[in-house]
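Several structures are given next for inspection.
What follows is a pair of complexes built around chain A, which joins chain B in one and chain C in the other.
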Partner chain A sequence: MHTTVLRSATREVTLGHDRRFCVIGERINPTGRRLFQEQLRAGDLSAIERDVAAQVAGGADVLDVNMGVPLTDEPDLLGRAIRLVQSCTDLPICIDSSVVEALEAGLAAYEGRALVNSVTAEDERMELILPLVKKYDAAVIALPNDADEIPMESTKRLRLVDKIVEVATSEYGIAIADIVIDPLAMPIGADPTVVCSFLETVEGIRTKHGLNTTCGASNVSFGMPERHQLGAAFLTMAMGAGLTSAIMDARTPAIVEAVRAADVLLGNDEWGMAWIGAHRARQAAAAAAP
Partner chain B sequence: MHTTVLRSATREVTLGHDRRFCVIGERINPTGRRLFQEQLRAGDLSAIERDVAAQVAGGADVLDVNMGVPLTDEPDLLGRAIRLVQSCTDLPICIDSSVVEALEAGLAAYEGRALVNSVTAEDERMELILPLVKKYDAAVIALPNDADEIPMESTKRLRLVDKIVEVATSEYGIAIADIVIDPLAMPIGADPTVVCSFLETVEGIRTKHGLNTTCGASNVSFGMPERHQLGAAFLTMAMGAGLTSAIMDARTPAIVEAVRAADVLLGNDEWGMAWIGAHRARQAAAAAAP
Partner chain C sequence: MTPDEILQGLYDLTLVGNAPAVLELTHAGLAADMTPETMLFDALIPSLEEVGARFERGDFFVPEMLIAGRAMSGAMAVLRPLLAETGAQTVGTFVMGTVKGDVHDIGKNLVNIMLEGAGFNVIDLGVQVAPEKFADAIVEHKPDIVGFSAFLTTTMPMFKANLNVLQKAGLRDSVIVMVGGAPVTQEYADAVGADAYAADASATVKKAKDLIARKRAAVPA
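After this line comes the complex of A and B, so read on.
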């Protein structure tokens, strides 16, 4: 079983199958946030400081940073955002963009060992992104879709995982441990079979490659009521199948605590020491409250 | 994949791998309930009516009934309790005792098709209990332990499952679909590996036999703080691995809702119709509240 090491200037976080689950905070992302988009277009990055603080308080281990705002200079914006986040917290960063130049600007600005989000199994994307991952000694999230399709069957996704692993390691010299697979979490409201396929894919990746895995967990509950409960149930199930991290809502205690409960159950929080410590801290805080 | 049919006089409940999870309410059980024990010893069964109502309101699909009070006539008490429960609800019953005479009295008193809790892989227990299961056309919960040990390794548990299935079907003529395996859920606080073993066993039973499974879910969080969250995480993980029912806390919304969320995600509540309906009912109730 592989471990993936991420670092900020001063802190190291390790993803692994017998480690505590890695909570990657999803919030620093303008998608669906109209006000934040307007602020970013106007060069106002102050909301980021609040988003960092809320996610650190919520228990994030890593922060995803995405600056995908149409009609902006995304490379410049992402570089500035990463410097700002690093001035607020020592958590490692997941640099998130579909624009190759923005990924490079982010990597150049970043102090530490980043997680790049993301590459696909498309030859063209691998050619553009994997050399950057190698140059900056980063780890990379890889999605099992290619130019033809986003396959729905786990067997097809697993074949694309094989391809990515083969190409990244043998053609680009990337260590297999630095490949984190995102098996594609999709909305259950659109298709009742997507979570079963997802779980099969996660389990297949664990069994065959021993790689770390991640996903955009909030996608699953898109369009459904009571999203927090669906998110908590999804993450705990996925952890049972072998998921080792997620880009997720780190600000909602019900979701983060579900992940920490699953850590106890899977033996990743041995004897529940962290769980019991968090419980005692909450009790102490409640007792100290007026 | 097998389905197990349980019935009361008027209602049928089916356990299965593509069905909604079967919530078996655990509450009608004097273990650890001193006051209830005293009431039962004095012949006062009135608490049962409240326990039935609370579990029906909480969303139980089946009710477990256990009358294991030391120094009582357990067969008589269990027979009376079952008649009382059947006068309060039409949910099917899981008849729970380690005393063979009590199981027989319960089966004789019961109207419908019961679930017998439980038999083990011990030859002596199978000889005593399986003929009763056959005689009363019941289904039976079987635990993979024998006279030698409660094995901790999933491979050993799976061998005992093989033995039970072989003996129950070929020697006692019980339909394989009527065997529900309880892979033994143990406290995570006592050993950090028990849940991983449990999940492997559940998955092995699904893959090899396609049988339904159950467990005493509350055992897992025994001795730990924040038991509801651990219980919710355990059940959703176990459902991901193939668990199809549990004897569990049916009175705590956070736990039952976690199970229903997992049903949505696994496609057992197709398009989330029940989930969305429950959400709307809660909204309507909140709007109607003064």
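After this line comes the complex of A and C, so read on.
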């Protein structure tokens, strides 16, 4: 079983199958946030500081940073955002863009060992992104889809995982442990079969490659009521199948607590020491409150 | 069953997305000599309008919208050929697709349901639609409107690429171009030279009807 090491200048986070789940905070992303988009377009990055604080307080282990704002200079914006986030927290960062120049600017600005989000199984994407991953000694999230389709059956997704692993390791010299697979979590509201095939894919990746996995967990509950409960149930099921991290809502206690409870139940929080420690910290905070 | 009971049944069962029952009632209506127009305009369309209204109020969720749309589509598969025979004029023809490189289709499908619910003939090209495929569909179906959907900031530039291909093929002025999707704005639609932007499904229907009415008024029959 592989472990993936991420670092900021001063802190190290390790993804692995017998370790506590890695909570990657999803919030620093302008998609669907009109106000945030306008602020970013005007060069106002102050909302990022609040997003960092809320996710750190919520228990995030890593922060995803996405600056996909239309009609802006995304490479410049992403570089500035990463420097700002690193001035606020020592959590490692997941650099999120599908614009290659933005990924490069983000990697250049970042201090530490980043997680790049993301590459696909498309030849041209691998050609552009994997050399950057190698150059900056980063880890990379890989999506098992190619130019033709996002395959729904897990066997097809697993074949694309094989392809990515083969190309990244043999052609680009990337360590297999630095490949994190995102098996594509789709909205359950649009198709009742998507979570079952997701779980099968996660299990297949664990069994066959022993690789770490991640996903955009909030996507699953899109279009449904009571999203937090669905998100919590999804994550605990996915952890049982072998998911080792997720780009997720780190600000909602019900979701993060479900993940930490599953850590205890799966034996990844040995003797529940982190769980008990969190309980004591809450007690102490309650006692100290006026 | 009386025609009124059939209409009520079509309305109620489309609302809850019971596709097999809607299909059965559609056949029952035809067997009872009801016209396709009656079933469409007095039951199916009002039902889908109600579904859309509930969705916008937050009373209905994505799966409910999708199964209602599926129920209506099942009925339309039976009624559309009959409507064509009688020469009933459709509200308009709408070619729709998610742009190349983008596989998101929930929003597009919701818009399609509302368009179909409003009486449009919708031709859905699916996801990852290449510019050439849009051009071919415009030649083949001669739609009033073509709609480009993109969910990602990185795939939005395909709007411009699509428009360039339409321009090159000499098709640009033959069709109204609408764009939409989560990250799209009016400003962006203007920047790429689209004719219209709509923020959600009901806005799409309203603008589409509006644009067609304006176009038909401008061109002498």
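Here are a few things to note about the model shown:
In the analysis below, the second predicted complex is superposed on the first by the 290 of 290 C-alpha atoms of A that agree within 3 Å, B and C clash if a C-alpha of one lies under 4 Å from a C-alpha of the other, contacts with A are read in each partner's own complex, and residues count from 1 in each chain.
Simple rule for what comes next: a residue touches a chain if its C-beta (ideal position, glycine included) is under 8 Å from a C-beta of that chain, and two chains touch if they have at least 3 such contacts.
Not measured: the values here are computed from a predicted model.
Once the two complexes are overlaid on the shared chain, A:Ile247 sits clear of chain B and of chain C alike. By the document's definition of touching, of the two partners only chain B reaches A:Thr236; chain C does not. By the touch criterion defined above, A:Ala217 lies against neither chain B nor chain C after alignment on the C-alpha atoms of chain A. In the superposed model, A:Leu160 makes contact with neither chain B nor chain C. For chain A, the partner with contacts to more residues, out of chain B and chain C, is B. Look at A:Gly189: by the touch rule set out above, it reaches both chain B and chain C. In the superposed pair of complexes, A:Ile255 makes contact with neither chain B nor chain C.
In the overlay built on the shared chain, the residue A:Ile28 is in contact with neither chain B nor chain C. By the document's definition of touching, neither partner reaches A:Ala177: not chain B, not chain C.
In the superposition on chain A, A:Pro225 makes contact with both chain B and chain C.
In the superposition on the C-alpha atoms of chain A, the part of chain A touched by chain B in one complex and by chain C in the other spans residues 189, 224-225.
Per the touch definition, chain C reaches chain A in the complex via residues 61-63, 66, 103, 105-106, 109, 128, 152-154, 156, 182-185, 187-188, 191. On the chain B side of its complex with chain A, the touching residues are 188-189, 192-193, 195-196, 199, 220, 224-226, 229-230, 232-234, 236-241, 257-258, 261-262, 264-267, 270-272, 275-276, 279. Of all residues in chain A, only 31-32, 68-71, 97-99, 145, 147-150, 187, 189-190, 222-225 touch chain C in the complex they form.
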